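Some structures to go through are shown next.
Next come two complexes, and both contain subunit A; in the first it sits with subunit B, in the second with subunit C.
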Partner chain A sequence: MIYREAGQFKTSYRQDAAIFPILQDRIAIWFYLFVAFIVIPTFGSDFFINSMMIPFLIFAMASIGLNVLTGYTGQISLGTGAFMGVGAYACYKLTTYFPETNIIILVLLSGFFAAGIGMIFGLPSLRIKGFYLVVTTLAAQFFLEWCFIRVPWLYNYNASGAIEVPQREAFGLIVTGPSASPSVRYLVVLSIVVFLTWIVSNLIHGRIGRTWMMIRDMDIAAELIGVRPLYAKLSAFAVSSYVAGVAGAMLVFFWLGAAEVESFDVNHSFLILFMVIIGGLGSLVGSFLGAAFIWMLPIIIRAVPKMTGLDINASTVEQLNFMIIGALIIVFLIIEPHGLARLWAIAKQKLRIWPFPH
Partner chain B sequence: MFKKIATGAVIAATALTMQTASVSAQETLFVPSLSYRTGPFAGNGIPIANGFADYFTMINERDGGIGGLKVVVEECETGYNAQKGVECYEATKGKGALVYNPYSTGITLQLIPKTPVDKIPVLSMGYGLSAAAIGEKFPWVFNYPATYWDQMSSIIKYIDGQEGGIKGKKVGFIYLDVGYGKEPIPLLDQLAEEMGFEVVKFPVGVKEMQNQSSHWLNVRKEKPDWMIMWGFGAMNATAIKEAAKIRYPLDHFIGNWWAGAHADLEPVGEAGKGYISANMAKAGTDMPAVQDILKYVVDAGKSQVSDRSEVGKVLYNRGMLNAVVVAEAIRIAQEMTGKTAITGEDMRIGLENMDLSDERLKELGLEGFTVPIKATCENHGSGGPIFMHQWNGSDFERISDLIPPMTDRVRAMLEEAADKYIADKPGWQTQDCG
Partner chain C sequence: MNAAAPQPYTTEDGREIGGVLMEMKNITLKFGGVTAIKGISFDIQEGEIRAIIGPNGAGKTSMLNVINGFYHPQEGEIVFRGETRSRMRPYEAAKQGISRTFQNVALFQGMTTLDNIMAGRTLKMHRNFLWQLLRYGPALDEEIEHRRKVEEVIDFLEIEHIRRTPVGQLPYGLQKRVELGRALAAEPSLLLLDEPMAGMNVEEKEDMSRFILDVNEQMGTTIALIEHDMGVVMDLADRVVVLDYGKKIADGPPGEVQSNQDVIDAYLGVPH
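Here is the complex of A and B:
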């Protein structure tokens, strides 16, 4: 009923290979974009935009970055937090040196620094795999964290050791700093996220993405066919770190406003890995679903007792939160080990033939 | 799925907005409390949050609130995490919040730039950005009774007064390697140069808090004459245990006022005998107002304390002092503006005209509770004196008179730091103190 595909014929290879082959999905995408770009900034409250939507988009972006590496190329990484940090500190230094340059360009540029660092730490992946690679990326995490504390040049010798975002304008609007309105920051973040998701989606569906997946599925076979692991793995590290770096720069510039090293610690690497696993390895939609699950659900759970007028202590709610989220993670992984994206795919398959199942 | 999330989110947002409206419709004095009863620093966060909440409960029960309006304290759990702290701020600021007490230097640094925009002051009582004491440059931030720099200078002064002065001595500085611990370093370096002593620094990362053997091995190698500690949470007890293990003389080991509470020393017990730390508010229950808390709140079962003996401990009383200052600021703001339901802007006026003198403390039933706090337009840090107390194996004993800070040195450095802070922030709101 919902997916009535009668009359939708594919008459060219182009149509057959489309990312959204069903008309309803294409309409839905435009509808989501309409909601995201028009409805939410117009009607969302400051709290909703600032504490839910902006971080959700930023973490979704970071999840996409990790998904490129872990989901599509099969290289597990625990260094995402640090690569985000590289992007953030790079953007901070860039805007210190080039205060007049449009901050959005600097955010996009700062990803290249993260990509460079990511490639250096990706080199061991040519020799080692699996758990051993996890350990080397963990080393990257600790080494970079150490740099963020011990290299005062990175934070302009601030006594507090934190990077504080100066006020910057773009297109005549204040986009960073405390005076920037949440809606403006949200729209900037949303635009960057949509743009980069589109780029990554094209990469994944193209030649490069296919070599990544070949490496993931069987690296020896891929090598025999003619895929060069050096290029495939390093390009995956570069793209992944680039996206993570941009996410990190956005995290500081469009959300937090100031950050210490603790914003890029190993807990964030785990957080993003969880988002990827819960959302679904090797799925862009999954990155968004995972980020929504891990970031938004706790906030909603926290708000429930107050909305219903229950008088529960803030700390008790927090403990309950940990328990509920933990239980839900286990439940979802038992129901569907391939994550929320797979659940969604199954649901859609059922919807397409509903109400006449086989 | 995406659609469901979107609708769900929109519903949640609407509900949140509606709830905001219903709260601000009632006439109350809304004071959010950013607490941390969970996480690595919960041991310190719980007594602070209890003391803060209990004092206001007592005021509501005994006096019916302030100026006839009840004080509503809403706790929001931060877990000492800056991101969650900002989330708490965003979630509560729309409900007519009067003032924020973040109890974390990390959260304070995040909130400072937001204060002039949202017109809600931040009271970081004895922590946070030291430079915020310069009232002209930071109209919305208050950090009395003393900044970290004041406190450090008082500690140096105390050391200078012992055993023939500090000149030529070696001072070790062990600190938690985050914004909080690094805050006093510029002053310490400057004083070392001016007063002719040597500083050795021992940074302790958050992850190494409970494993400091290597740091104390270095201490043993360096043999400093005095040790100063800027520690928090589990770091304190570990450091004191390690110091005792290498037989460092504990009466030459001085913590700041976040490194000298019952929560820190009770796990160490007898082994920590002799350890000294700074403090700003008296511990104990021998004050009428504290007795009222026991009577109206704790015995009535309206407190979250697990045991009656929790009342009167160092951090409980510090949370209470914070509440006393906020209550006093509300009262002053009500007096000066002539309205009872005040806003964040009025609250700022109240905080700026704070005058918690000895007489006023006596009126409040808190004689000798704290050092006098007096703020002015120029001075939001008060620059008050501190005192030292020493652990005797089971409790703290006060061992010094009030030690005033080296205001002449500190003030100049604070001004320089404040100028540096606002230098790269065009359009930063300052005020003219005439």
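Here is the complex of A and C:
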């Protein structure tokens, strides 16, 4: 009834090729943006913005990066954590050398370093596939972690071995460092995430996205049609690592404030991979849903006893949390192996004909 | 066998067949100790429907793989449009205008019919990465322009209703048709079809035959096809080359090939 395309006739291929061809979807996207940009910064508490929204957006960004590689191009990677680290350390070095430059520009630039490193570690993908590629990306993960510890130049020879985010201003506002307000950091992160999601969405809906999916679905046929695997795979590695690198830089500069190698270890690679799988391989919406599921749900579950006045021991809550999340992951994957994004798509499909399914 | 250079001719139904488009000279292809193709020569003339037939394991599919650069023959040379071709990658063959379908449908299962056929036009799209990032201006114009071409193919093959369906969900006969569409979208000058009728019922075979004839007549595309259904081959093909155990045993118009004793022996067997 509400989500219906009756009466919306597309009279040109341009209209039909739009990313959101249905009017209700376009309204919905503006609504989400309105909520994200206006409502949340105005009414959200500092805790909500700082502990939930900012990390959610950053992990969603990293998931989009991994999704480009794994979901759209079919190359499984366990190096996301390390590529995020490359972005973070690159941004740190950049702001050390160019303290006056707008930090947002530096964050966006630092992704290019991650892209370069990602392409180098993507080279084996031209020869090997599947589990063997997982092993080489794991090698990238360990090698880069080693660099983050053993190359003191990367953290400016700090005695602690950690990178401390200095205070930086952009557009007259303090955006990084301890005295930056959560709302400002949130808006910066949100803008970058929206911008890069838009860019990735453009790529996916065009020729380049199609060549990625061709490689994923049938690489031999793709080659016979005229796709060069070298370009397709390396461009996927580059875009994926770029996005992951920017996410890593944001993680340190707009959320953690300080970081060492543990922030980019293999556990983070797994965390992002879980978000992508739960959310749905090959779906941008899925990246957001997966990040929300894995990041926000535990926080919400933790808050439930407090809100309902139940007197449960904190460690019991933590145990329950693990059990509930674990069970939910299994339940969702049994209901729909293609992730939350597929459930979302099915719900939309059902809604189109509701309430008269015949 | 026919040593003289093939001449342009006119078919019974009045189609003009031009000069030689592709010539295979003494092709030999070995996999380790197994010789899949032994010194085969034949040619494909412009505008004709050329069938390659033979019993299982005769080397037909290997021959197609040689033609589009997937296998590299140890001996022999391939002349395409008057140019001798050196060792080339499938990508380059595609660029020269050779496209094909596969024996086992090789569609991009996760993509829609529309995207699969759009994929066939990959080589014709040139807007660079930066425009693609914005999906605006020239990149979008290009996308729309190719969409128009793709819609013509969809219209031609009568698959409008499955435009938005992921091909993995389509029945086999339709998948074969989408695959033909993907090959046609590249506007090939030489179309290779590897068993286009395999696993189809009579009605689907009739449809597919009509599409093949229409492609040949309306678009003037040269077609080389492998097929096991002799009725189809005899009806469609202008000339037939017969392979057996990697050797050529006959080459000529369908009627002539049909009565060739070697061909009958190869298909029915000979008493020892």
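As a working rule, the second predicted complex is superposed on the first by the 357 of 358 C-alpha atoms of A that agree within 3 Å, B and C clash if a C-alpha of one lies under 4 Å from a C-alpha of the other, contacts with A are read in each partner's own complex, and residues count from 1 in each chain.
The criterion applied here is as follows: a contact is a pair of C-beta atoms (placed from the backbone, for glycine too) under 8 Å apart; a residue touches a chain by one contact, two chains touch by 3 or more.
Note that the coordinates shown come from a computational prediction; the quantities given were computed from them, not determined experimentally.
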Three-chain arrangement built on subunit A, subunit B and subunit C clash or fit: fit
Contacts of A:220 with subunit B and subunit C, given as first, second, both or neither: second
Partner, of subunit C and subunit B, that touches more residues belonging to subunit A: B
Which of subunit B and subunit C A:64 touches, first, second, both or neither: neither
A:199 touches, of subunit B and subunit C: first, second, both or neither? second
Which of subunit B and subunit C A:282 touches, first, second, both or neither: second
Subunit B versus subunit C as contact partner of A:13, first or second or both or neither: second
First, second, both or neither for A:115, with subunit B first and subunit C second: neither
Touched partner set for A:235, first subunit B, second subunit C, both or neither: second
First, second, both or neither for A:208, with subunit B first and subunit C second: second
Closest Cα approach, subunit C to subunit B, once both complexes are overlaid on chain A (Å): 23
In the complex, subunit B residues that touch subunit A: 1-3, 5-6, 8-10, 12-13, 15-17, 19-20, 35, 37-38, 74-77, 79, 81-83, 86-87, 90-91, 94, 105-106, 109-110, 113-114, 116-117, 129, 177-179, 182-183, 185-186, 203, 205-206, 304, 417, 424-427
In the complex with subunit C, residue positions of subunit A that touch it: 12-14, 16-17, 19, 199, 201-203, 205-208, 210-211, 213-214, 216-218, 220-228, 235, 282
Touch list for subunit C against partner subunit A, complex: 68, 70, 89-91, 93-95, 99-100, 102, 106-111, 115, 118-120, 122-123, 125, 127, 129, 132-136, 139-140, 143-144, 147-148, 151, 182, 186
Residues of subunit A defined as touching subunit B within the complex: 28, 31-32, 35, 39-40, 43-48, 50-53, 55, 96, 149, 159-162, 164, 166-167, 177-179, 256-263, 285, 288-289, 292, 296, 299-300, 303, 306-307, 313-315, 317-319, 340, 343-344, 347
